[in-house]
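Alright, structures below, take your time with them.
You will see chain A twice below: alongside chain B first, and alongside chain C after that.
This part shows the complex of A and B:
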């Protein structure tokens, strides 16, 4: 039988993984719900403007609103609604949660993936330089740069950058949320800051440097060199495509975590800022929805990475086909 | 022109700098060899004797830091005779007395660039190489066909995809791979070790290189497959007239394929000459090391009185602190009172004993 690169193993693999994703998301929601349930603070009180309610008042209100007494009852009613496409309404704004979250998730998506891209643009050349030349003088400087950017905390460096920016441009590089018109640098500043400060540059540099030097000492790369053909062409898949995609998939949760801080500081209208707000307001439906959306993004990224891996690695696609 | 050898190696040295020991490891330490057109030169020696490293050096496959190469490798092209290592000496300090590398420039970038430049148009096109462990030496991410086609379009006149593919199938057939049409689309992991080695031979030969360096091509394969690969190489040599340098620690394979043999020990050629003369070790007519190697081939008459196979006692040479005298002296069985002093204090020259047969041993130097 002829072995060709059909899409079939990938499809098979994806359907299986999507099942897993489904149960994973249920699990995530359950854990988050449990945490919220046992956390101090009363969402009902939040609804009524922070009044302290007596037990009798609470009982009555819960009965009126149809809220179950038990945690599993509450979770179940949330879950049933979820399957009907209803994520609930925000306790704070009274708007349907899903619409608001998806609207803002788009901004967070731009921020995180833009930052990811920016980090890679910095980390990749450094990693390649270090792998090829070793730690010479320039290499040492580059490595120190990578470590420093990752070591400086984002909440500090972001404020420093804002300070410098206001000193030189006399405007604040914030205010996307307020609807002011902004120029490109102002828009990009949060992306750059997250890209620099999320701490993934040093790890990417280290990981990629090791991967590149490992792959370049592989036997098959030596063969390519002996053949007089392009060495990079032969090394590309294993030295760059696979490790970079792995890096993106495994680091995206950290970047999203950093996005919460950056969105807060730069007033970037994303779900990170929204989650922060919701946590303070005990706005449980919003928190639940954001957690699920974030988990979904993380999961999809890693799925994408695995799919890519199966596509570029003929051996892996063979394995998925037979298993 | 016909008389000049295809490849002439003079004073080839390949050192590796060991950071922890702060010294050069002298893997190849002054090797002189000649390969004539159509010959099969077998280089034999135990691990660490420098046989692989010397051939990798010729291909420029030793990376700068920690490796460093000097010497001359004259390669006879159709018109000109070129030195593959030209200009590399400018970047190293060499001892005036014995040609040893004393130190290296701080940045080896220029050295590496020069090497890459020298090798342009040589690697693959003029000199092809096959390696041991074919499964890891072929790229696991590309099909066999792709890896052959790539070589063909790069180095031969078959530039179009269709022509190159036809040519690749032709070569797959030449190395006797069954159903080449299918194998063309296979990845290396889908092939057995022997099959993979055949594919690699096809890849190497497909560029129509004049010299094929086979670095332990049968190591790591089953004994039966080993014999078949050896036969295949011999057959292809007879058909295409390609010159082969065969590296192996296996005297059996070397004896079977080569018409010239060089025996290496501790980074030096100990004996070289026509295969017959080297292998004929009766009555101490060859170098003690060659004799010991031949006596350790698994054969009935090589068994010791206890029923064990003969082996060479002692340790492999320390290539950092190379002894002053003969490199093999500490393990030599034929060392005796009359020449002991010489053996321990002065390195013997490569003495010619008969036509083309040279031995580096004090036993023969005086004759």
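This part shows the complex of A and C:
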């Protein structure tokens, strides 16, 4: 790519990232289309009450309904519909899918990012402790704790927590979907369980530990230490902000996946529970929409992370890599 | 002469001891624990195949429902229909084994192809591979699995296929890093200079001689994840289907009785999941520290 001298490299870098995100979303839509296209079953026959159609009849009908013969024709018309905000109607409720999904996406958003925050609150202190002290006795216990949280099946630990909660408070911490009033603890319980059980803590601990100890052995940190100034002030960006934002961007899909289970157990009205219901009913417009929306969220988080990265580390915009 | 012999012994002693000296005692403990779990899994598979079960897994004893461990005749208790838990736990391995292997094969094959293309051939394919892996990484796995389940049918082979594909980017990234590092080494350059075909350099000299422990580590780490995801899907009702037992649907059935205070019938399979997954994680990590020498603390 020709780099013009007038534009700032940061702006150019971000423009390129926007392009990349756009093409990735096109690719994502292609994958979703490919899955749905190759699914068994004949939608045309379903429209006409399940009768077997001859080739001539099929051709005739496709021309009448304005459906393209080729896969790329169908893909193109599907894509144009998506851009106009038409994600189809739910087979179950008959409502437009996109409206329902965006209505519930807010709840999942709270759940997912709250859980991410909790995970980091648990993982960060452990990682810093391990980076500074190595695996001594307490460090080993913390490390094993991090491993165990990733190995316990989330759906079981959530049930156990509900059980304990009911024993102490005599109420169920579930029922946001049915519109019951819930206090703060009841609202926080699913968020906390997802944060603990989505399985990202152990990997976060390992990654942050390695990054922090790598940065702390660099020359500039040693110089800062020798001068007697605060080490964290100098190493904050490289040892903490960049790895943490990287971790958030790369682990968000896992937390969204865990949200399906937590929403199911705690009766939390979000798109995870909706996806489960849709898969149960084989309501594929709904699940297609949810897949696209979550992929969009993942890509946007990644874009945000890259923006943050290039802001705190302007050198990155000079790198001429081809991704 | 004697001096020479002495140096020989010290060197050989050193090289014999070095791998154990270099690694933490804890890593060795992890590996031992992981190998014990692995052996238990293999034993359970053999027992399930040949039918050497300690109890009939289908026999129902309605007077002994939801019994805790240590109930008469039932070492690990019974489920909600009074079926013995232990043989059902063992039977599950049979349902997991082949799909699990398929998952590993898909992940390593696909990830290997991507890794070789971007690591060995460099710029020519790197953009394409990064593009494809980024697309795969955009999907939350569980949602992609639900999409596939809704479009096709709930089947463990489909699920493991999706899991293999979604794990390929990670494997590809690791292999790519390793290959592009080895690519700079003299032995690869001399192999190229000798006119050895690329395929032989990649498969024999790079992958087989230098990456095989790495691939095994990846496979073990991935196995733990596969068990967790499969049990999550079974819990949601899309994994292994009834009446075939799976750890996920055993926990789920037990959990229906959990709020009545019947803890055991879901806790036992959950513990089975936990110890097995922990075993695979620790084995992978311990091997990684042992063979790759990641940690020099």
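The rule is short, and it goes like this: the second predicted complex is superposed on the first by the 265 of 323 C-alpha atoms of A that agree within 3 Å, B and C clash if a C-alpha of one lies under 4 Å from a C-alpha of the other, contacts with A are read in each partner's own complex, and residues count from 1 in each chain.
Note that a contact is a pair of C-beta atoms (placed from the backbone, for glycine too) under 8 Å apart; a residue touches a chain by one contact, two chains touch by 3 or more.
Values in this document were obtained by computation on a predicted structure and should not be read as measured data.
Superposition of the two complexes onto chain A shows chain B and chain C fitting side by side, with no clash.
Touch criterion met: A:256 reaches chain C, while chain B stays clear of it. Applying the stated contact rule after C-alpha superposition, one finds that A:162 touches chain C and leaves chain B untouched. More residues of chain A are touched by C (comparison of chain B with chain C).
Contact with chain B, but none with chain C, is seen for A:228 once the two complexes are overlaid on the shared chain.
Within the superposed three-chain model, A:140 lies in touch with chain C and out of touch with chain B [touch as defined at top]. Of the two partner chains, chain C is the only one touched by A:150; chain B is not. Taking all C-alpha atoms of chain B against all those of chain C in the superposed arrangement, the shortest distance found is 6 Å.
Common to the chain B and chain C interfaces on chain A are residues 134. Of all residues in chain A, only 2-4, 133-134, 136, 218-220, 222-229, 234, 237-238, 312-315, 318 touch chain B in the complex they form.
Within the complex, the chain A residues that touch chain C are 20, 23-24, 27-28, 31-32, 35-36, 38-40, 134-135, 140, 147-148, 150-157, 159-160, 162-163, 166, 199, 202, 213, 250, 253-254, 256-258, 260-261, 264, 275-276, 278-280, 282-284, 287-288, 290-291, 294-295, 298-299, 322-323.
The residues of chain B lying in touch with chain A in their complex are 59, 61, 65, 107, 109, 119-125, 128-129, 131, 133, 136-143, 150-151, 154-155, 182, 185-187, 189-190, 200, 203-204, 207. Within the complex formed with chain A, the residues of chain C that make contact are 24, 26, 123, 126-127, 130-132, 134-135, 137-144, 146-152, 224-225, 228, 231-232, 235-238, 248, 251-252, 255, 258-259, 261, 263, 266-267, 270, 273-275, 277-278, 281-282, 297.
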